[in-house]
Every structure is written in structure tokens, then in C-alpha cells.
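In the part that follows, the structures are each spelled out as C-alpha cells.
In the two complexes below, chain A is the common chain; its partner is chain B in one and chain C in the other.
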Partner chain A sequence: MLKYRLPPLLVWPATAFLGAFLVYPLLLTVAISFDEFSALEGMKPAFQVGHYKTLLTDPYYHGVLLDTLRISLIVTLASLIIGYPLALWMTRLEGVWKAIAMFCALAPLMISVVIRSLGWLVILSDTGVINQLLLATGIVSSPVRLLYNEFAVIVGLTEALLPFMIISLLVSLQAIPNSILQAASVAGAGHWIVFRRILLPLSLPGIAAGSLLVFAIATSSFVTPRILSGGHINMVANVVVDNFLVTLNWPFGAAVGILLLIVVLLVFLLQHWLTERILGRYR
Partner chain B sequence: MTTHPAIELAGLTKRFGDVVAVDSIGLEVGVGELVSLLGPSGCGKTTTLNMVAGFLDPDAGDIRLHGQSVADRPPHKRNSGMVFQSYALFPHMSVFENVAFGLRVRRLPKAEIERSVHEALAMVRLDGLHDRSTQQLSGGQRQRVSLARALVYQPDVLLLDEPFSNLDAKLRVAMRAELVEIQRRAQVTALFVTHDQEEAMHISDRIVVMNAGRIEQIGSPTDVYRRPESVFVADFLGEANLVEGRIAAATAETATVETADGLQFRAETTKPWSNGDACWLMVRPEHLVVCADTDPAPANRMHGTVKSHAFLGSAHIVQVEAAGRDWSLKLSDSEWTPVAPGDDVAIGWNAPDCVVLNA
Partner chain C sequence: MRVRWGSFWLAMAAFAAMGFLIAPLVMVVAISFTSSQLLRFPPEGFSLRWYYALIDNPQFIEAAWTSFQLAVACSIVATLIGTTAAIAIYRYRFFGRNAIYLLLLSPLMLPQLILAIALLIYLSRAGLPGSFLSLLIGHVLVTLPFVVRLVLVGLERIDPNIERAAAVAGATRFEVFFRVTIWLIFPGMFAGAAFAFIMSFDNIVVSLFFTTSRMVTLPVEIYEYLEYADDPLITAVSSVVILLIVAMLLVIEKTVGFTKSFTAVEHG
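Our next item is the complex of A and B:
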């Protein structure tokens, strides 16, 4: 296939922007992460791997990393399971209804995370809607603890990141022509086979993109975990923020950030490998 | 055992809001027959086919395949095959897997799948391409994969919705002949949707001419072309010179049609007409001839003036103004005697060559 060649001029602004605001800060962060730090003297340029050593040996940071990975994974799966049927249903809508559904799905993005987390505080608290309902129906006799734990963080993050999953899924689901599903169905495939052999593999790129997006944003979230865990759970990004803003230990914070980046890149590679393998099985 | 038609539509109706897309149509398609649904855009062909396939639920009426009502069966339980205008191949599967799909769904043994797929690919002359990705195929090859995919599990009926309209003109014609041959060999009953009258004439055992959700006429290609039963059918299939008039005299076999300005034409007819009936007279351009004064007069003859002439290669199209209206003549190149615009000519046609239609 012939590729249309873009004039090079068009790519310059993006290149310049990425260079100035992504590559340069990234290199700077890498450099800082090797610096020395002491509470009295602050940062001192150096080249030592002490921060990385601490990160990899201290059980506290292992815990933070595992918590982060577990929470992010559960959030990713939850938003996939909730988002897929929703996105599939949205592709069936037409005209105004589609626009309305789209607005409802994406509206959460227009509200700040802080406000949404505060909303969950109200809903999940001991006197919140859910507990009132459980108490009133007699399912429980004393309020269930829904807040300030991992559950609350997962609920809050899933709600916050669901739109990203839905957008990714919609893009790939909408690209599947109806006639392909009809062709499968006439050929004798029931709903389950159409889903497993046609819909799922054809929407796999959307699943992969959405999952990676949600996972990456989840691992780097810090407002929602802080508010909904009441400070009990520290995710990786909380450690970064604390080091940069509270203890002013920039080198250590930078090292944590780089570690997080490496983890996300590894997950990306894993995801890519998995997608290719799954698609290969259909050929 | 009584034999049932392969496809039976009875009072089939589909509405979309206020639009009656398909209006109580009835049709029987015999086993092994190739029947075309032909009609202008929006007349309900696709809607009818989609109801037979099971993608749409009829609002009224019944669909029977081999005598069994399938109206409340989902598409995957109707054992039909379908070929789409857009090919609708599974993009993530190879040619082999595309064709194998219907067999895998039916859980046939591996060896049998392998054999059937290769047979089907050979039938559509694509043997050797089974490893290809469908993206690496030309439009004609894709449509043949799609045909193989629909036929490989020996469906009771084959449904085709304008399968060739995305192909270029030459290939489209070549594919017609190929489809007929494959359909004969597979001995499958086929329902073919098209808005191309030449395509329908070329391939069909019978043609169902549709208009605005209704069936106008069902008949063999010769029937619907030579003996249309309505002005719509006469006009939709090929070219037609149409003249409005009334019956001036009628016997069992002949009718004399008189136009508003007093001209009389004689026609042969099988329908009983009464004097004064409003009617249309239809004569095909290829049945009009330019006659020399010495010719034994055809039953209907007029003098007129040549208005224009165009040469199309195999035929000449001549417009003649006579009796206050334009007549279109299609004259074959081998019988061509040159005329030029402005020439005075006599034109005429024989009584059996024209058709009297209900107004």
C-alpha cells in the first residue's frame, strides 16, 4: 500500500513539544535519581545507585509496589468487565441516544478527581447511602466498613478510569462492520461463538489499549488513593509526591518515578506479546 | 413425501415506522432454482433478504424453508449461506479459516473440514490461496472466498445481496457466469438481490420485479422482458417506448389501441380487453424498424423525422419524431442503413412485438 507522505513541517511542532516537555524532563529525572541527598545539605550532584538499592531491598517499598500493582490490575479488570458490555451496547445505539449515552459515559471526565473522590466519601461512609440501605433492609446490623480501605480505592479508581476504557473499546468495536457479525451468525455461530471468535479478537486492540491506559493511569494516581484510603494505603505515586513535596528528597522521588516507568513499560511489552499471541491463534 | 419449495414467503411484511418496506409479499422458490429480486433502490429487496436470513423479524407473514417455518428461528439455526456486497470476510482469519468457519461451528472432524475447505476453494478457483490473508486479495477473489464460505457447509439456501456491485464492470459480468455455474454444481437454491436488470436477466431462472415493497411481476427473464404486466415492469427492464391510449377494438387475440390524438395501433394480446379500456402500448426500441416504401407494411407504421443518431458499437440508437412524440429505435449494426438527423423516414413494428398494458 502506498503511504501518503506528510510534509515534514507538520511533525515539527509535535517533535519540539515532546522534546521540550517529555524527553528533556525525563532525562533530567534520570540524572537526578543518581544524585545524593541529605536532609541537611539537600541535593548534591553525584552518580550513585543508592536510591535504587533502597527501593529494591526495603520491604516497605516492596509492599507499596505490590499494593500498586494489585490495585491497578484489579481496577483494570473491573473497568474492562464493566466497560465492555457497556461499549458494546453503545455501538448498537443510533442518533440522539448514542450521543446521550456517549455524554453519560464521558461526563465523569469533566469533574475533578478530588470532587469525585469526595463524592465516594459520602456514598461509602458509615452513614452513607449504601450502609443506610443495608441497615434498612436488615441485611446487616451494624454499618459495613466500606471506606478507608483498598476496596474504596478500587471503587474510586474504577469509576474515575472507566471512561478511558470505554473510549478505547468504542473505537475498536465501532470499526467492526455489522455485516461481519451477520456473516458469522448466518454461517451458524450463536451469540457466544460470535463473541469469542469474531468480536473478541477484532476488539482486542481496543481491549489492549484501554487496559494499558487504565493500568498506567491507575499506577500513577495519588489523589484518589490518598482520599479514599484516608492515607492508609500508599501507592507508588504517593511516595513520589511525598518525596518531591514533603521531604524534598527529589533524587529518591525521581528513582521511584523511574522504577514506575520501567514497570509500566514491562507491562506494555507483556500486553503486546500477549495480544500478538492471541491474534495468532485465529489465523 | 411431498416436496416443498426451498423458500416460501407468505404475506411477508416489514414496517420501519411509517414506511412499509416490504408489503405482504408472497413467493415460492423451487429447489435448485436461482431467483432474483430486482427493483429500484429502496424497494425492499435487502429487507426481504434480511428477513429470510433472520436478521430482521417480519411484522407479519411467514417464511418457510423446505416446508419448515423459520420465522422465529435465529439466523444461525436456518442453515443458510449469505454473500454480502461488502464481502464481510473475517479480517483476522486466513482464507482457509474464513471458509472453514461454518464447518468449525458445526464441529466437524478436522480431516473433513480440511477436505471440504479445499473442495470449496477449488470450486471458486482459489486453490492454493488458502494461506493468504484476506487483505491480500483482489475484490473478485474476496467475493469468491465469501462464496466458498457460504457454500462449504451445504446450506439449504444461498442468499446474495448485490454481491458484484463493488466489482468493476468487466469482472462483474465474468462473475455472473461463474456464479451460475457454481450454483448449478452446488445444486443450491439461491435468492439473488440486484438492481441491475441485465445482471438479473443473465443469471436468473426467474425474476421477481419489486416496486415500493410489493411484487410487480414474477416470471422468467424472457417473460418479464417480453410480456411485462405493468408499465413499471416494462419501463424498469430495458428501454421502452410507451404510448397512452384506449382500446378502440378488441378480439380474443388482438387489440387496437387509439391514442388521444386519434392514431391507431394494432397489437396482439392474450388478455381480454373491452372497448374504451384505458391502457398503455409498449414497444421495445429494438423492435422498431426503419422501413423502405417498398417493404410489405408492418402492422403499425408512421412517417417521421430523424432527430438524432448515436453509434454504440453493436447498435445504433436513433430518435425519431413521429405522431407528435419521440420514438427510440435500436438498430443492429449489421442491418444499418444510414440515416441522418433531418431525414424523413417511415418507422414501424409488427403487431406481435408490442404489448398492451393496464393503465
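Our next item is the complex of A and C:
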């Protein structure tokens, strides 16, 4: 193998592309987030932290931040609870069945969230399947409001991000040798003990990785929240989009975006640190 | 012998989770065959009226054509620069190699929304707001890491003895690459190109910032249609997209393994 000091020509196109369209634009975004903005004059170069201050002190944005945090946490927890049994079950399948189950669990990820939200719009509406069922069984006498509220956003986001959780869980569950489970079972451990003492601790890295991944993507979602809340709930990412496409206050939008970026990067750092720690303890 | 414990309840919970994942897609496809005007399940009767309506709808057809061209272009560009970069990262040791590798994969970790607004700020300053080219740049940005990862996975699986054999048999380095190596990494390239196509074809986050009234991609058109109308036409167009993507995923699964590839990208 040849040893080059300088990056070989082959890597230049992609590197230049990312330098021009990722690194430089991100730096520009940081710069713009300090600019002044007025509705009449538009953007004016400046260096002031007003946008960040507004974001962190204004009660409205406090509400948005708290909503985002709460919704993302619930979505993370829900996808963990729904995803864990599925991932565990998939590790017990073999051959074709496993391939089919994996395909069904991961394929939805490749279909646009717009289309999946449309499906939830139909399921959760006043005349939707769930309300039809509730009415027919006499549990309720008039349709329950399931749509255009936080519940709908949580359901939609959980479904959208579930495959990410499943991948993370599968990777760590599959790494557990079957012989350990057999040994435990031979030694007389019941299902609960096997789960509590073997599966859970050994899959902790997967749980951490999946949870942080889902959390990070949930905090930066705006399409599903917009469609399923009918615009009633603004998450942080919705504020970014509205500032860029509607009110055109780019400096403020950029500030919100940078804050979001910092949160996501912190989450990934936390994931790295946690995984190392957990793995270290059981190594 | 597999260990069996609580198999029944575990299977039930797993089926429920699977149902939860697939329910919205099933709903959309089922309703697209309704004969009524309403977005309601169960569909009334069976008809193809909304598919006929779709063929007569120039907006959706045009948006689909735009999305298709964009996805093809994105797939070609991302595969070209992604494959070359992956080969360089795998074959050579050079200054800044780790930093460049991290940079190549970074679009996977950063939220697409942030990439989109940063690019919007930059491109509008450079005098290139919404256009086919700006859409293409945005889509290549988010699909590039997939190509890089998948080609790298392919490279790591190559048995170096095959290339050595070619060299021993008298092939020049150039010949070894173009007549041997390229065929060995072809599955990875193919998977990368296919992923890039699909992810571009149904991208909404980046597209939303670069579409104009004359240049709209299909997911954006569907998103905007949802804002002001709700008839089953939208389920018909969505069903066509679902069918197309599932068909492509099946081809990827049969040839290079979709679930394997995807897991490789997300957990490198």
C-alpha cells in the first residue's frame, strides 16, 4: 500500500464539496445568528447575543423548549418500550423469517414521514379507526379528540423513529451469546431473572445508543409535529422553519438552529461517554 | 436448542409493535382504492378512480418527474464522489485522514434541518436560492455518508489475495483497479447508489427550503396538498411512492441486503 503525506486526489472532490456546502455554511450560520434583524430593514451585520437571550428568557420560547423536551422524552421512552420486545423477538427468529421481520421493521424508515403522517391523520381522526372502535364498543358516546394535539404528535413521532431504536437494540441483543441464556436457564433462572440479570444489563449500550439517537432526531423534527398537531404545537424545529420560510427573520432562526445543533451534539457526546462507561463496567 | 421463555407474550408484543409500524402505510394504500370522496377507513367499495385522477393531475406528475430526475442526479453525484473518497480513505494513510473521515460521515449525525438552513443562507448569498442545482447540492449532502459507509464496508470485505493474484499475473495497478477491485466493490456502490436514490426521492426536510413555485419535488407537493385539501387523491399518489420504494428495497434486499446495509450505515 502506498503512503501519501497529502490527501490523495481521490478524496478531494468529496472533501471540497463538504467544505463548501457544509463547513462554510455552518460557520456562516453561526455568524448570522449574531446579526440584527428588523422587519423593515432586514438583516444587519452586528455582533449581539440578543437572539440567544430572547430564546432563553422569553416565556413563549421557554414553553416551546419545554414542550420539545417533554415530547422528545416521551417519544424516546415509548419507542424503547414498544421496540424492545420486537427487537428481542427478532433475535429469536432464524433464516427467512428473520429477514422478513427485519424488512418489515426497517422498511418504513425509508418512506417519507409525510406519507406516514397522512396515515396517522386517517387513523386518529374523529371518524378514524380508533374512534369507530371506541364508539362501536360503547366505551365512549362521542368521538374522542385524538388528532391535532400532543398525543397525535407523540404517536406519529414514535412510529417514525421506532426503526432507529430497533436497529440499536438489535445490534446489542444479537451480540449476546445464546449459550449464556442457556446456562442461566439450565441453572434454573426464570424469564424475569434472565431478563433482569442478563438481557437488560448486556443490552444497556444498545438502549443508550437507541434512546439518544431517537431523542436527538425527535428534537429536530418538524414535519410530523406540523401535520399531526395541525400547527397547534410548535417544537423547536418548527420555530426554525417558520423563521426561515415565513417571517424571514433568519438571524433568529439561525440562533435557534445553532442551539438545537449544540443540544444534538451534546447528546451524541453523552452517548459516546455512556457507551464507553457501560461497556467498561461489563467488560 | 434455542432458549424459549415467555415466547407467546413476547411474540404478541412484537406483533403489536410491527402492526403499529405498518398501520399508517396500510391505511394509506387501502384508502387509495376507495370509491368515495372521503379520506376514511374502511374504504367504500373498490375503484381506481383516484389513480385515474392522479394521471390527470399535472401538478403531481410534474413533481414526480422533478423528484425522479433529482434522485437520479443525486445518486450519480453522491456515488461518484462518495466512492472515490471511500477508496482513498481505505487505501491511503495521509495527513488529516481521520478528520476527513469524520467530515464525510458528519451529515449523518447533524440534523438535516440544520444542514438545510446553513445551505440556504450560503446559497442565497451566492445568488443561488431555490433551483434544481441547489436541491441537488442539498440532497448529495445528506446522502453522501451512506455511499461512503457502504463502499467502505464493501472494501473491508475484499480478500486482498484476489488483487495480489491479479498483480502477480501481470496486471498493472491501473488494470487491477479497473478490472478487479471495481467489480469487488460494485455491490457496495450499488447499495449506496440505491440508498441515495431513495433518500433523495422522498426527502422533505431539505427540499422544503429549496423548492420554488416552479420547481417542486413530490414529497413537498404532497406536504403542501395536505395543508389545504383532504381527498383520497393524496393517498393514491402516496401509494405509488410506497410501491416504488418497497419494490426498490426488495431488489436491494435480494441483491446486497437492505437490512444488513442499513444496519452497517447506522452502526459503523
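General remarks:
Please note the rule applied: the second predicted complex is superposed on the first by the 236 of 283 C-alpha atoms of A that agree within 3 Å, B and C clash if a C-alpha of one lies under 4 Å from a C-alpha of the other, contacts with A are read in each partner's own complex, and residues count from 1 in each chain.
In the analysis below, contacts are C-beta pairs under 8 Å (C-beta built on N, C-alpha and C of every residue); 3 or more make two chains touch, one makes a residue touch a chain.
Keep in mind it's a predicted model, so treat the numbers as computed, not measured.
By the touch criterion defined above, A:Leu202 lies against chain B but remains apart from chain C after alignment on the C-alpha atoms of chain A. Within the superposed three-chain model, A:Gly188 lies in touch with chain B and out of touch with chain C [touch as defined at top]. For chain A, the partner touching the most residues, choosing from chain B and chain C, is C. In the superposed pair of complexes, A:Tyr24 makes contact with chain C only, with no contact to chain B.
By the touch criterion defined above, A:Pro85 reaches chain C but does not reach chain B. Residue contacts after overlaying the shared chain place A:Pro177 against chain B, while chain C stays out of touching range. After overlaying the two complexes on the shared chain, residue contacts for A:Ile74 are found with neither chain B nor chain C. Of the two partner chains placed by superposition, only chain C is touched by A:Pro13; chain B is not.
In the superposition on chain A, the residues of chain A contacting both chain B and chain C are 182, 185, 190.
Residues 53-55, 74-76, 78-82, 84, 86, 88-94, 97, 101-102, 105-106, 133, 146, 149-150, 153, 159 of chain B touch chain A in their complex. Chain contact summary for the complex, chain A toward chain B: residues 177, 179-180, 182-190, 193, 197-198, 201-202, 279, 282-283.
Put simply, chain A touches chain C in their complex at residues 1-11, 13-15, 17-19, 21-26, 28-29, 32, 82-83, 85-86, 88-90, 92, 99, 101-123, 125, 127-129, 159, 162-164, 167-168, 170-171, 178, 181-182, 185, 190-191, 194, 209, 216-217, 220, 222-223, 227, 237, 240-241, 244-245, 250, 253-254, 257, 260-261, 264, 268. Those residues of chain C lying in contact with chain A across their complex are 1-3, 5-7, 10-11, 13-14, 16-18, 20-28, 31, 38-41, 80-82, 84-85, 87-89, 91-97, 100, 103-104, 106-107, 109-115, 117-123, 125, 137, 140-141, 144, 148, 198-199, 202-205, 208-209, 219, 222-223, 226, 230, 234-235, 238, 241-242, 245-246, 249-250, 253, 258-259, 262-263, 266-267.
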